[in-house]
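Handing you this structure, nothing more for now.
Going in written order, the chains are labelled A, B, C, D and E, and every chain counts its residues from 1.
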Amino acid sequence: MAEMWINMGPQHPMTHGLWNLRIKVDGETIVDAEPEIGYLHRGYEKIMEVREFQKNVVLTDRLCYVSSITWSHCYCLACEELMDIEAPPRGQYLRVITNELQRIASHLMWLAAYGPDLGLLTALLWALRERELFLDLLQLITGARMNQNFPRIGGVRNDMPSDFGKYCRKIIAHFRKKLEEHEALFEQSKIFQMRTIGVGKISRQEAVDFGVTGPNLRATGANLDLRKLDPYDAYPDLNFEPIVAYEGDSYARYKVRMEEMKLSCDLIEQALDRIPDGPYRVKPPRRAEGEAFRRTEDSRGEALFYVIGDGDDRPYRVKIRSPVFSNIFAAPIMMRGNKLADVVAIMGSIDVCVGEMDK
Amino acid sequence: MVDGELVAFVILSAIEVASAIMVVTAKKLVHNVFWLAMTLITIGGIYLLFRAELIALIQIIVYAGAVPVLFLFGIMLTRRKIMEEPHESE
Amino acid sequence: MSGHLIDLYGWSGALASFVLWLLSLPFELLNWIALQTGAQKPGPLVGFIDWLAGPDLTALVALIVAITIVLLWATAFHLLIIMWIERKMYSRLQDRRGIMIGLGSVEILRNTIGRIPILGAPFRRPSHLGTGFLQTVADGVKLFQKEVITPEKADKWMFHTAPVIIAASTLLLFVAIPWSDGFWLMGSIENGRPVNPLGILFILAAFSIAPLGILIAGWASNNKYTLIGGMRAAAQLMSYEIPMLLCIIALVVFAGTLDPFELVRKQTAPFSLGPVQISFLPNWYVFNPFLWIAFVVVFVTVIAEAERIPFDIPEAEAELVEGWTTEYSGMRFGIVFGFKWLRALAGAALISILFLGGWSGPVFATFMVPNMAAAGQMYPVPILPQEFWFTLRIYLIFVVFVWIGWSVPRVRIDQILNIGWKRLVPLSLLSILLAALARGAWWS
Amino acid sequence: MAVEGETLARLKERFGEETFRETGIVRDRLVKIAIDRKDLFAVCKFLKEELNVEHLTCVTAVDWRDRFESVYHLTSWSRNFMVQINAQIPHDDPHIDSLVPLWNGASVHEREAYDLMGIVYDGHPKLERILLPKDYGFHPLRKEFPQEVDRQYVSRRKIGGGG
Amino acid sequence: MATDLLARYLPVALFAIFALLFPVGTFLATRFIRRDNPTPLKDLTYECGEVPEGEAMIQFHFQYYVFAIIFVVFDVAAIFLLLWALSFDATRATQVGFAAIVLFVAIMFAATNYALKKEEVLYI
């Protein structure tokens, strides 16, 4: 029987962004798959070599437009490590709060994209409706909705408004109720279970071998959360347990992300309870020498910035490690043997963001 | 006065004979199936002229709806060289 | 502006009289020849003129007018309304307002009619307060102007033929669907009642042609997505024809006919099921407990036949871009895409005729109108016509379609086929057995 | 402190002091070693099989003008520590062993390093360009690849001539 | 009755002609309004913006062929059942006739199950 290669992308509804998934099918069964990326490569690592440390925060903001704060936060952590400074406690708590807000917004964006993938456009509108609330909160604290440019090397840009905590708690209480509706829309639908349970399975062994991180790894039963394992900022002060699911299929990945949104709500409330007074930013040195890296738990997995300074006020070399870059190349494992229609159910659950993947 | 029934019969049978010839002569197999379907539909029309309404409708349901689709599915499974002109790549 | 109008009238009037004169020339010539040869009028011409004035041609013209009315009624009226219902309804499900472009958004109308003091009020509304009914018209006009791209590698002849097959077979559904006791095309009058003994079978036959067109369209585009989409569509549509046919057989066991008029007539009577008689309930087959399974199965199959969301895998925009319609553009896309709603409309009408009492409805009051056929006689007409009740049912069924469609994800194709063959077919066979048992073994 | 010290000790015990140009504990749960390129595969195999380093976080290529460096960040999930390996590569012969036989996840990172820096990873099953077009002739992250402007920095003083 | 049948189908024949002319006429009518500007790139087969590799008109492993065969069989069987149902008369229904139909339906049911089981084996 003739097997044929099908291009899914770059102009395809399944690819949320510009990338290409080449699929080899035998009839409707997937024999092999091969991601092809680079359509959005902007040369971040080269550009960052000619800009000063502090100015690169603006660039790292634009790595992923749905979770910009987590990226610039990771870069700031790496630079702080390089310069041997530390953000003051209030700054650290503010970072945690904005990070978690951004994580919820990012997961909601994923949920919004996952619905239409499976043919449920209603989920898109509902999830975007809820995402607006968190964008409003981020706007309240940072002044912008999309590229917030909020973390700074040595802290954060500004303090939070005095009534921020009140609004935050109100919106989180509202969101918790709405999230139940979302779960009803998805999980109580037999068709959704038919489409996702047992689809796109990946074992824990393979996931670790292919460098899969984040919710996709935790869906295979690995209790690996960098907020717990390699804590940064104020995370050691907060009480939480990482979310784990055991099946390793699309449904488990969905479940982990849904539970993580609830966890993020908890974390925000804890951080609001414990946030200390004091300065929120220290002045960093202009120049730095040496090498340093920090990794954070991005909303999609393990984000890492490796920064080398040669004594100038610009980094000598910056390396960005995007979780999606590794996750997406594990997709062929999940796909083999599934049906053509499962491609969307699998790729949607991996949560691809092309901006950070192509750098 | 021209008999409308005769006109209908002549038109239908003309289409039928023409499609039947096309079934045999068309180059691509999918075209053949299309013309076969046309032939079968017009045969349904001729049944109707014989006042066999049920047979005509069953002809359309079974022969025009089901059989060509079965044939097409079968053709998709065939080797490429039968399907159209020889192609050197495979 | 006004000068232009008058000028236009002058031109058109002159043109019209010129054309009429040109048309009359051959007859003048024939007349002249006839006068020259001495005869009063040439023989063939007499027959022609008689035929022109005779009852045959009048009947033909009347039929063409009727067909045009039915076509416009289905495509222009109902298609636009159900598209509007769908778009508004799913917008409500998604917590938004949906299409809202109104007449006031048309600048010319706002500037002309909108200036009239009281009458023009609706045209002065801002564009975000309209009902959005004209949005579908605007979409149609836009598609009308779009370029038609024919892929180079496509089988051109088949590529352009396939949408014609699909559109024609879809339109052909409407010749057999009666809209009331008086508003129908296919049928004849016996004993003062309309009959069409095999009407439902004709609708099924028209439904069964579309898979062929879809398969050919998918193949002819020579595109991988269309090929797979076309095959899926064909497999799905024909798989769901069988349960539909079987469930209609179960219904026929009770009704004993495939005549839509007869079916509706039977459902107008008070409910009676063997020994059970309920006077206030109409005898709709949906109330018959032995046909509940059949009703559900027919409902599901109609959703699948219309390629609506839980079963819209043939199109499946998430993985197959637009399925078998991927390569179509311009009005060809508009036709094959828009006619999916027509299939849903026909399916809703079918459900309504089969199970929900068709166009029967309560008669609140009647008024007398003169009978055209017999002068001097009057006959009663209900205030709310039967077409109203039929349309109401169709729209309500369609609303349920929309409701289901926009709150569940899409089913995978092998799951669709499994549902069709492993669930619905056994269920419909069971429903035939139930019906036969109830009718034959139990009461006789 | 236990994990890092133990890791270093076992590495030294297995390969000897002279293999490592530099060893150190940078911070909690982070060990840094610098080695030559010929020892890379053996060290990594030891790390993976004996010391439970399951996860290769990323591979970075650095152009130090006189030499290349391939930097590996390895993570042990089960024992929760990280190893950073700096492997030196001569500038005129940018070849180093591929780690794909050990970690499949290394594949994409090595392809990226090859694409942007031009380091050839021997033994990689499919060493192709990943981010840039296949017919692109340069390795843009090398320092000799010119950046459009040397310094993207225009101060207010330069524009307005003061203040 | 005989003339009535054709009289009933005269509107259908005319309607069929209209139904054929409707899409054809629409397609022709757009020709006067739209502007065609074909370019080689535009006429390329759509493959998500990539240059298509290989052709679509190939031998395609379509896994639902069995369904097409069962469909034809079922179509014919359903027509038989339809004829039975149309002439079903409750007053004259005998137990033998009823048993025959039950047997027929049971055979259909068993045959489908067998075919689908086989299909699951043949699948892929």
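Please note the rule applied: a residue touches a chain if its C-beta (ideal position, glycine included) is under 8 Å from a C-beta of that chain, and two chains touch if they have at least 3 such contacts.
Quantities reported herein were computed from a predicted structural model and do not represent experimental measurements.
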Graph distance between chain D and chain E, where chains that touch are linked: 2
Chain whose Cα centroid lies at the greatest distance from that of chain A: B
Pair with more cross-chain C-beta pairs in contact, given B-E and C-E: C-E
Maximum centroid distance from chain C, chain identifier (CA atoms): D
Distance from the mean Cα position of chain C to that of chain A, given in whole angstrom: 48
Intercentroid distance (Cα basis), chain B paired with chain A, Å: 57
Interchain centroid distance [CA atoms averaged], chain B/chain C, Å: 26
Multi-partner residues of chain B (each touching 2 or more other chains): 53-54, 61, 65-66, 69, 73, 76, 80, 90
Contacts with 2+ other chains: residues of chain C: 201-202, 219, 224-225, 231, 235, 238, 241, 321, 413-414
Where chain E touches two or more other chains, by residue: 9-10, 47-48, 52, 56-64, 68, 71, 75
List of chain A residues in touch with chain C within their complex: 4, 6, 8, 12-14, 28, 115-122, 124-126, 129, 185, 189, 191-192, 194-195, 339-344
Of all residues in chain E, those that touch chain A in their complex: 47-50, 52-54, 56, 58-63, 124
Of all residues in chain C, those that touch chain B in their complex: 155, 157-158, 161, 197-198, 201-202, 204-205, 208-209, 211-212, 215-216, 219-220, 231, 234-235, 238, 241
Complex contacts: residues of chain C adjacent to chain A: 90, 93-96, 224-225, 228, 309-310, 312-313, 316-321, 406-415
Residue numbers on chain E that touch chain B, as the complex places them: 2, 5-6, 9-10, 13, 57-62, 64-65, 68-69, 71-72, 75-76, 79, 83
